[in-house]
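In what comes next, chain A is part of two complexes: it sits with chain B in the first one and with chain C in the second one.
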Partner chain A sequence: MKFRCERDTLADAVATAQRTVASRSGALPVLQDLRISANADGLELIGSDLEITNRVQVPADVEEPGVAVVPKLLGEIVRKLEPGPVTVSVTGDEAVITAGRFSTSLRLKPAEDYPRLASSDGQGVRVDSTAFAAALRQVVRAASKDDLRPILTGVLMTAHAGGLRLVATDSYRLAVRDLKGVSMLAEGQRVLVAAKGLAEVQRLAGDGEIEVVLRDRDVVFRTSRAEVTARLIEGDFPNYEQLIPSSYPNRLTVSRDSLMDALERVQIVGQNRDNAAVRISMTADGLELAMSAQDVGTAQESLDAKFEGTELTVAFNPVFLRDGVEAIETDEVALDTIDPLKPATLRAAGGDDFLYLLMPVRTS
Partner chain B sequence: MRLLVARCSVTYEGRLGARLSPAIRLVLCKADGSIAIHSDTKAYKPLNWMNPPCTIEESDGTIVARTPKGETLRIELHEILQDTTLELGEDAGLEKDGVEAELQKLIAARVAALRDDFTLVRREYPTDIGPVDLLCRDGDGRAVVIEVKRVGDIAGVDQLLRYQERLDRDPGLAPTLGVFVAQQIKPQAKVYAESKGVACIQIDLDRLRGDVDPDLTLF
Partner chain C sequence: MTARRDATILHVDLDAFFAAVEQLDDPGLRGRPVIVGGLGKRGVVSTASYEARAFGVSSAMPMARARQACPQATFLSPRMARYVEKSHEVMAILGSISPLVEQLSIDEAFVDVAGARRMLGGPAEIAATIRGRVLDEAGLCLSAGVASTKFLAKLASDLAKPDGVLVVEPGTEQAVLAPLPVSRLWGVGPATMTKLERMGLRTIGDVAAIEEQTLVGALGSGLGRHLHALARNDDPRAVVPERDAKSIGAEETFAADLHTIPKCERELVRLADRACARLRSAGLTARTVNVKIRFGDFETRTRARTLAAATDVSTVVLDVARELLSEFDVGRGVRLLGVALSRLDAVAGTQATLDLTGDAHSEQQCRTERRAAVERAVDEVRDRFGSLAVGPATLVERSDGARGRG
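Right after this comes the complex of A and B.
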């Protein structure tokens, strides 16, 4: 195999494909490398851990077609090259990379050791890339990263009210986002997609449209920059609808940016402290945030806010609370509460397409 | 896994050549398709081996393993002393890590279950020899260093003592109290821990799971 490609193009493609190579030592060692195939159409770079696969296609001047499995080191090498053309020449188990006056050779694993991945063929549904990425950004953050509960590491995609609903939860918080008018799934259809894969889709979504191809075991997202294949997770997602209270006696409305800034400041005393909680006291006069950490100190800040209901103090995990506030895209956020031990809801003031349910923490 | 003890000679041909003259050795054939030849010395390191992917064929007292790259490992079996195949099942190591991680997480959420005056300062508190599982304070403000294991043995107690020694160099934390927490603590480990002033607490994971306040989670 021999090809020539511009440094920036190759570096970008390698970096994208490398994001999904296997990292754990228990995986097939060959999956820690990139698969590169070259033909008359250019290059295809694949990085996969068998759960998520990134495929990137870029133009290149291919002198000799072929396939090779190259180590991750390629990314670091290409990034540090001078701008200009990069030549990669593979013979046997060695790849020689030259650019300008620089040359290096890398030992390669056998290309036939790379597992055969399912092709990403198929036609799918097209969705607006910007809107889809924005929805993913709001929801994926709430999915669990704990592999001990694999169901919660997925994002539920379900047909809802003629559109698409995305749901994620880690049992401490629940994010629900509706994309009206997006007909990706049939009535009653639901799939659970690995959140890690959707995070890649969000990152790679550019302008235009994303084509979504739903298959038996995985789903392919074709963005303008790359193709992401994410496996579907089997199992029953929690019955999230019953978790959402039907009404709230208390509502606080506050500037999103002011609340974010105040949380950032107050949280400083509690950083690196597990179980440190931020207390939110809500009265007719407004809102006060308070945080304390043993051996460090305390912090508090008051904010102007509109409050309707009975005076109340509720404590939350500050990271989860900030995630919820940050996910809201309007100028004002509404925090609906019942009592200090029941789930609270964050949503855009006046908006109804995003909801973030957050469990309080118990404090003495 | 196949454990084959035999008087054997071994020839390796590949980028280099190597030969082992006849002697009694242990041949290990694992479920992942690897083959390794061990002597009664050199600890964990095999004398020769072949990793997957490779094909392994056996006939007429000879085992031959070949890789796609053209390497060949040939084992001539002159006398078989023992040939046993055992099903080892799932990798116990992975399960162990998952349980320990869950144990640490559950305890961190409820340190008062260990002693009712404990409050958590931090999980994975960094030291220059690695992170301590849990750092807490007791009711008197004393720093408590907690090491969590699935099965507690002397090596685990030693690990805790090393962490304590590092943290006792910090005047803001010294003198620390050491607490060794495990689902099961071996008797020798208990004796050793007590001789070093380390408290031992055996914890029931299932009870701990149920003991975590359900109000802390949505479901």
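Right after this comes the complex of A and C.
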């Protein structure tokens, strides 16, 4: 295999593909490397941990087609090269990389050791890239990172009211986002996609459209820059609908930016404290945030806000609350509450396409 | 010098800690120079592996100079979260040896083993035990100094590095201290050193030999007295465990090895219960649950899981501990099981959870709340009847011949 490629092009492609290579502890060492194939169309770079696969295609001047498995080191090398053409030439178990007057030779693992990955073929549904990425941004954050509960590490994609609904929960909060008019799944169809894979999709989404190809065991997202394949997670997602209260006696409406800023300031005293809670007191006069951390100190701030309901104080994990407020894109957010122990809901004031349900912290 | 005291204070210091963790996690780096630090233009070296130190690389050296001195090294940015995790593991091991652990930094601690001697032998033996366990269980090397004071223990661990132990036997302190340069005394910087040298004082022995008043006259009363005392190994500071301990736990060694999950789980119930009772009595909650297992062949493994929210409820801890246990092959025979709780914090609140099972109205949560209430009631009963030995007493309790309860 021998090809020539611009440094910037190759560096970007390697950076994207290597994001999904297996971590050090993987069982198959070859998955820590990148698979590069070269043919008349250019290069294809693959990074995969078998759960999530990134495929990047880039133009290159291919002199001799072929396949090789190249260590991630390639990325570091290419990044540090001067702008200009880079030549990669593979013979046997050695890759020689030359650029200007620099050259390096890397030892390679046998290309045939790389597992055979399912191709990413298939026709899919096209969705607007910007809107899809925005929806993912709102939902992915609520998914669990704990591999012991694999179902909660996924984002549920389901058909809902003629559109697409995305749902994630880590059992402390729940995010639900509707994408109206996007029909990707048959009515009643539910698939669970690894949140880690969707975070990749969100990162790679650019202008234009994303093509989503749903297959038996995985789903492929084709963005303008790369293809992400994520395995579907097996199992039943919790029945999240019964968790959402049908009505709330109390509603607070407040400026999103003011609330974000106040939260950022107030939570400084609780930083690095796992169980610090921010107390939100709501009255007809507005809203007060208060936080105290033993041995550190206290902080409070009051904000103008509109409140309808009975005065109450609810405590939340400041990180979870901040995540919810941050996800909302409108100028004003609505915080709906029942009592200090029941789930509260954040949504855009006047909007109904995103909901962030949050369990309070019980303070004694 | 003060009255002769036993050498019961250990100072332990992990060798090239950040670099050692990187070498542990990536076997490809073992035996090779590894430099951890800021990789940007103005970065400095945080830690260099001993292989890199051989090329003259040292901590706080500008990264650019380190790259010149040892270009073949692997340069890595620090992964603090991982180091903190490993530090917790090591501190948990120290905590199981003696309740008197005072952590100085991420990779250093003092341990007073006066109370552990009945169980674990002399300080030198305990130092060897700690080094062996930290190597076996956490995969890291540490150096230890053993002496009658904190000052000398820290000095001794420094002299023992790397991967060594230095025990300063009572009565030999002066002999060890006397030939060392004055710069080894805490509080001697370049300015003080110049003054001391001008007085003709080059070694710690020189400082110990002169009148305190002479030193006070030259350096002022505070520093003068301080250095005079240190030079005579007079350092009354005790090892003070942090008010909030780093981990709380319970472990048990079994008379006969356990070979099945149900048998291990039955023990796990008691251990989780005991650990959580201690947690609650200290007014703390924990975020991380650690399960430790020692097999019949003495191979010891630990697994940890961090919860999304802190808890002090036994059943919550037990659920996680069970899941962690299932990752081990208990068929090999289990000699010891332990449950430890770390990332402790004072009780501020309990994060409520959504009822994802869809049972009756928030049943899981009600159950957890009911359990929490029951457990608090049990704690009260145990308190009143004194049936539960809490905390430090456990090390002494072991000497009754029971095979390891703690």
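One rule holds for everything that comes next: the second predicted complex is superposed on the first by the 362 of 364 C-alpha atoms of A that agree within 3 Å, B and C clash if a C-alpha of one lies under 4 Å from a C-alpha of the other, contacts with A are read in each partner's own complex, and residues count from 1 in each chain.
In the analysis below, a residue touches a chain if its C-beta (ideal position, glycine included) is under 8 Å from a C-beta of that chain, and two chains touch if they have at least 3 such contacts.
What you see is a predicted model; the values in this text were computed from it and never measured.
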>> Following the superposition defined at the top, how do chain B and chain C come out on chain A, clash or fit?
In response: clash
>> Applying the document's definition of touching, compare chain B and chain C: which contacts more of chain A?
In response: C
> Of the two partner chains, chain B (first) and chain C (second), which one does A:Thr363 touch, if any: first, second, both, or neither?
Replying inline: second
>> Quick one: is A:Arg101 in contact with chain B, with chain C, with both, or with neither? Answer first, second, both or neither.
In response: neither
>> For A:Ser144, using the defined touch cut-off, is the partner it touches chain B, chain C, both, or neither? Pick first, second, both or neither.
In response: second
>> Let me test your reading of the model: by the given contact rule, A:Leu243 touches which partner, first (chain B), second (chain C), both or neither?
In response: both
>> Contacts for A:Ala315 in the overlay, against chain B (first) and chain C (second): which applies, first, second, both or neither?
In response: second
> Which of the two partners, first being chain B and second being chain C, lies in contact with A:Arg116: first, second, both, or neither?
Replying inline: neither
>> In the overlaid three-chain picture, which partner chain does A:Ala277 touch, first (chain B) or second (chain C), both, or neither?
In response: second
>> Which partner chains sit in contact with A:Tyr172 here, chain B, chain C, both or neither? Use first/second/both/neither.
In response: both
>> With both complexes superposed on chain A, which partner does A:Arg217 reach: first (chain B), second (chain C), both or neither?
In response: neither
> Just one of 57-65, 165-173 or 309-317 in chain C runs into chain B once the structures are overlaid; which is it?
Replying inline: 309-317
> Which residues would you name on chain A as touching chain B in one complex and chain C in the other?
Replying inline: 148, 169, 171-174, 238, 243, 273-275, 294, 341, 343, 357, 359, 361-362
> Residues of chain B touching chain A in their complex?
Replying inline: 53, 68-69, 94, 98, 101-102, 108-109, 119-123, 137, 172, 213, 215-219
>> Using the touch definition from the top, list the residues of chain A that touch chain B in their complex.
In response: 26, 93, 110, 112-113, 147-148, 169, 171-174, 238, 243, 272-275, 294-295, 341, 343, 357, 359, 361-362
> For chain A, which residues are in contact with chain C within the complex?
Replying inline: 24, 144, 146, 148, 152, 169-174, 238-240, 242-243, 273-277, 293-294, 315, 317, 341, 343, 357, 359-364
> For chain C, which residues count as touching chain A in their complex?
Replying inline: 25-26, 285, 287, 305, 308-310, 320, 323, 343, 345-358
